[in-house]
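Chains here go by letter, A, B, C and D, matching the order in which they are written, and residues are numbered from 1 within each.
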Amino acid sequence: MRYLTAGESHGEALVGIVEGMPAGVPVTPADIDEHLSRRWLGYGRGGRAKVERDQVRVLGGIRFSHTMGSPVALLLPNAAYEKDRAGWPETMAVMGDGDGVERVTLPRPGHADLVGAQKYGFDRPPHGPDVRPVIDRSSARETAMRVACCSVARQMLRALGIEVGSHVVRLGEVGLDDPAGWAEDRDALLAEGGARALYEKADQSEVRMLGDALSERAIEHIKAAKKAGDTLGGVYEVVATGVPVGLGSYAQGDRRLDGRLAQAILSIQAQKAVEVGDGWLAGRRPGSEVHDPITRDGDRWGRESNHAGGVEGGISNGQPLVVRGTMKPIPTLIKPLGTADLATGEAQPTRYERSDVTSVPAASTVAEATVAWEIAVALLERYGGDTFGALRERVEADRERGF
Amino acid sequence: MRYLTAGESHGEALVGIVEGMPAGVPVTPADIDEHLSRRWLGYGRGGRAKVERDQVRVLGGIRFSHTMGSPVALLLPNAAYEKDRAGWPETMAVMGDGDGVERVTLPRPGHADLVGAQKYGFDRPPHGPDVRPVIDRSSARETAMRVACCSVARQMLRALGIEVGSHVVRLGEVGLDDPAGWAEDRDALLAEGGARALYEKADQSEVRMLGDALSERAIEHIKAAKKAGDTLGGVYEVVATGVPVGLGSYAQGDRRLDGRLAQAILSIQAQKAVEVGDGWLAGRRPGSEVHDPITRDGDRWGRESNHAGGVEGGISNGQPLVVRGTMKPIPTLIKPLGTADLATGEAQPTRYERSDVTSVPAASTVAEATVAWEIAVALLERYGGDTFGALRERVEADRERGF
Amino acid sequence: MRYLTAGESHGEALVGIVEGMPAGVPVTPADIDEHLSRRWLGYGRGGRAKVERDQVRVLGGIRFSHTMGSPVALLLPNAAYEKDRAGWPETMAVMGDGDGVERVTLPRPGHADLVGAQKYGFDRPPHGPDVRPVIDRSSARETAMRVACCSVARQMLRALGIEVGSHVVRLGEVGLDDPAGWAEDRDALLAEGGARALYEKADQSEVRMLGDALSERAIEHIKAAKKAGDTLGGVYEVVATGVPVGLGSYAQGDRRLDGRLAQAILSIQAQKAVEVGDGWLAGRRPGSEVHDPITRDGDRWGRESNHAGGVEGGISNGQPLVVRGTMKPIPTLIKPLGTADLATGEAQPTRYERSDVTSVPAASTVAEATVAWEIAVALLERYGGDTFGALRERVEADRERGF
Amino acid sequence: MRYLTAGESHGEALVGIVEGMPAGVPVTPADIDEHLSRRWLGYGRGGRAKVERDQVRVLGGIRFSHTMGSPVALLLPNAAYEKDRAGWPETMAVMGDGDGVERVTLPRPGHADLVGAQKYGFDRPPHGPDVRPVIDRSSARETAMRVACCSVARQMLRALGIEVGSHVVRLGEVGLDDPAGWAEDRDALLAEGGARALYEKADQSEVRMLGDALSERAIEHIKAAKKAGDTLGGVYEVVATGVPVGLGSYAQGDRRLDGRLAQAILSIQAQKAVEVGDGWLAGRRPGSEVHDPITRDGDRWGRESNHAGGVEGGISNGQPLVVRGTMKPIPTLIKPLGTADLATGEAQPTRYERSDVTSVPAASTVAEATVAWEIAVALLERYGGDTFGALRERVEADRERGF
């Protein structure tokens, strides 16, 4: 199973193709849109959010609300393209030579602007200096299509009783470090309705945090940052429930499920850290507090605790998968940062640009999507399955054995 | 470029193949052995370490001390196989039906034992219950061959002036969280001799830490843990210097260099977290303290700081690459943990086994290797190069342009 | 470099994404359309051809007539979807449950119909019996997007002086077996204007054959087959000129250029054989007539002949690449073939359907495209190249050395 | 599932790693050796054959005669390395600078010698001129390890009732073109004992041909060629029986089973053509003679004929898989061919070298191996299967449904 996304943030549309899905998986555009709309969650998001509310068009691979085994083709028109009166059809013209189109020559620190221009030759003639191509593809707008693609796989998981959810555990200075601090609340939700109950609860908070007090403090923190012309990062936790035992492998380094989850998180723009289970706290604690004693109840194997975050030896162990990601603050600040002009070499401050204060709540929903994708890939490796029916039978047969 | 490793920890040998190296890269078995011997660094390592000091045999791909473009074949005999008088040739016999060989039926928490047995059918007849196959392949012994394979690529980097080094920044409760705490010392070493100076300095400490006081405190901590029958994890930092601008890409999620580095770290046994640059601290700090202002000096682009850890937009930016990994404590404790017997289902404590207190110093050298590999892969994507000569020319041409 | 296509032949559109192209490659939609229109070449093609004349829409990855390093997104609306009055929007509806839509239950021999239905579960409830999903994706209509995707790479080759062309050498009983029979004519064209001159000349024939007499005989043969309610296959030859020495490798089986070209040909619907150079005639002739003596003229290496078809040891040798593909006759015959109904199990003859007599001329242009793709992939492996500028420099440096 | 081979033909050993095999597959070194010994079949093979009779050493991944899910590591020592008194340990020395070792500067036409040297820089200083590295890796000796690796997968197929066999159908001028000529004999064997009966029968002929008269004529032809100082190529047919319906896919070009089989054949040294089913004859015959009418007998689907060679729409259809490969004559002729010296540029004839007249019988057994591999890969895609037990259950469940 593989997918590719394409499209620029101010181009006509984003496009995605998901290849290798079993046939017979129930998916509708509305299912995908539901995941897409959650990508707009979050207090402190700028006005642009409303404009871009996405509705996916399925151009292939789904018929009568089920996959066909054929590649799924997805299209997300960019609302801004025609509506912004900003001349995007000219600025992003596929044809012509771009005569008269203004070039962007001031690379923004913390973005791909400078390195992207250097890599792809937009730092110099004949195609530069102009960082526009870099800005447009490296933008987090791309994650809309990423979410759409991963959501197809996520619906397959859902139909198998595997759910992926998330909540934000830190926004700048507000939040907790130790999962023990929120484990009780989280685990009550998981027990009640799996990771779906977790994300639905989190969605009720403007910052996707569990607990009203925490949410309120975070919102205050965002307001203060906004006032200061500054931005905020944070930490979120992604949890997957219903994951069968046996996904991933220790047999070769690149098959470890935790390694793939780590890539899944850091493949998202602006993420700087990823932890599984106790994560970096596992580096501080003695072994006697980190490992999860094995239990057996009848013919069911279990664990007394879940410090491992559901992965041992690179393989899912039947406990909830727990992965946390850290996102850096948005680099587009109202307070200018130092940079230099690609055309002239002169030092200049970055230009004022409207921006959100934080997009951690949104990023947490993108992380759900990429985590779901990796679970789905590992699932098909273990179970195969050209059809959803066969896949479900095989997963259920394992579950009956306690997996 | 790709590699595969094979072999069990108590089997006859480990085997590795590295495919896709350019021809003409200077590499000798001694170069590889040097990296392998560093894998045995660390205070508090058990007696086994001395037995296993590894010398690689090159069976293909290298002639007259240079690669030939052909796959490089590596062999590491397992010293323990014949010498331990523990009957490994019988226990790990390739042939026969294993009659009379004792089965291991007590899975150890925190290891792959139980999940591996479940995944591969060693939890039940006909091939189980017996977790021996799992223990033997999921063991960290495999990293010896991983280091050997990655070292071939690392020698290519070295010949291009790209070095990878590491140091330990935390062992259990002893250590620092904020890179600012060690940045001065580290950067002085990097300025002096690149990441090689860094690792050579760290190698002088029994715990691979910078600073005598820190090392001493860490050793005391290890001693105390040993006395308590406990084990310790920790955090290490891997740094790469000389990395050209432009490796990795934002164009597709799976091409981001930071995502690949994250996988490289979490593909190593027992690693639970990975951070790039400021890492999880970037989630707490305001944007104005996290982004690195861009500078220009003549025709050279630079950054005022390196909070990003050398990667912007998934692409190397010419600053040192900085990645930190967190390792959990060794799960083989003297203090027993609860488990249950696969054969009988009865709850039992784990058996006493000799073990190190910590292997964080060793893991840090393995992480150097896997990071080096990912840099090499990204380098060949940008520069191609069937021959080392062509590769060097292309890298140097870029460097002349300030990349 | 990789690409994916998606979309059904009676769905709304075909979609393609090309990932990994260097930036700065000159490509316009018109360039792609030119290659697409050649896919409609051929005497004896049914009326449908005119309806489907394709114009690609570029939705990403190209700006101001050049690639940006970002993935290239392509869209081909299916003209038939709305215009045929055949109710395709209902038949291929993404949503709903398909109530009232007629199912196709008679699998056609020689098509994917039966095996595809069995593989993907369309042979039985709940999603079958209904072979429509199989018909729609396995159709050769998909090759339109394949050609579009490969044409992006092909334009890169063109800008480097590498051309790919083809001509038909057999249609049913009309044609020659031994390349010696057409080598003189072909090589004169190659000498004149490379493989482009070859394909432009072939395009002037309704059957894409070199030589008026041969074309006329072939057309007569098509007419006779049509009258007989039968169909015809054939053989075409793809030639690439300007290919540098050194693409592909013997170092590992899956890196051989000839192996990849073979897959490129047999990845196209209805192709049954592929030959490189002398191909199957090399199995009959003595070694003294098959191998190409090596020559040296100044510092240029050459070959006295090109029986090898431009590949030795899995590597391009600087001679024209010569690959022939064999296509089977179209399986949709006017004469019915025996089959059985998926719903009832009753034996039935296939239904009358309009069809072309042959699509070998069209297939030959698709084969050009897939061959071009493989050359481009191998080229980037050798030369790397995030930018077209760097790629061109490196290729030219090699050419100056006689490669 | 993937594998890599390494090692030079005059180096110490060949090495292979097979990654991704399910656990519990019955395989012993003797099983692999049996396939390896068949690689030495063939009249007219030189004396070297006897020296090199191979016995594989399994260094990992197999215990108690079954796979463990871990990578399988294979080693084949090169008998010639130490015994030939030809100084190979010095000539192929891993270390040192090769001072005093004779360089090979005369590239042989029809081999990888010249292109390999150009690609990897062995055509010039500092590492050339010396084609030894190219000769040693591009040699067909590598296929010994290829066969060993593929044999591991082949044993999995065998345990599932899937067999792969072959026979030679042409040697130079002796043989038949149309499968109809041998179909009766072949199909009788297949009916009797599947493809295993086919290969066992062919193995009884010194040239692996069916029919004494044909074999005798071929041997006479070989004798005549030897006398003339010439060499012969030929054509072989590989057949697989017991292959379930549904392997491969039309959903994306690179997933077609026939495309992968084509690559499997042309990934073998010296192969120039590949055909599936009727192959190139399908280009000559009218559609009414090429397609296989579909039949239904109770709930079993079948075909009246097998012109398709067991693949429709890129998917296995339950009929025997039939693939033919064409091998060119061995390029090492007693009659010299023209070439030029890499060091001096002077034209020279190739040197006299002992060689076989033909290795088509041997190549046919290698082709069995690579075909088996591709079937195994496609099988795991459909059925998944971390354990052989689960895989067998799933395959059998399909078979009960008539697949």
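Please note the rule applied: a residue touches a chain if its C-beta (ideal position, glycine included) is under 8 Å from a C-beta of that chain, and two chains touch if they have at least 3 such contacts.
To keep track of the chains, here are their UniProt names: A, B, C, D = Chorismate synthase.
Being a predicted model, the structure only gives us computed values, none of them experimental.
Two chain pairs, B-C and A-B, are weighed by contacting C-beta pairs, with A-B ahead.
Ranking every chain by how far its Cα centroid lies from the centroid of chain A, the top place goes to D. Centre-to-centre, using mean CA coordinates, chain A is 27 Å away from chain B. Centre-to-centre separation between chain B and chain D, using Cα means, comes to 37 Å. Separation between the centroids of chain B and chain C, computed from CA atoms only, is 45 Å. Multi-chain contact residues, meaning those touching two or more other chains, occur in chain D at positions 4-5, 19, 69-71, 116, 119, 137, 246, 249, 251-252, 382, 386, 390. Those residues of chain C that touch chain A in the shared complex are 2-8, 11-17, 19, 23-24, 28-29, 58-66, 68-73, 75, 92-98, 101, 116, 119-122, 126-127, 132-133, 136-137, 386-390. Against chain B, the residues of chain A that register as touching in their complex are 4-5, 107, 109-116, 118-119, 134, 137-138, 146, 170, 172-173, 225, 228, 230-235, 245-246, 249-254, 256, 258-269, 271-280, 282-288, 290-296, 299, 301, 303-304, 308-309, 312-318, 326-331, 333, 335, 337-340, 345, 347, 360, 370, 382, 403.
Chain B meets chain C in the complex at residues 19-20, 69-71, 246, 249, 251-252, 380-386, 390, 394.
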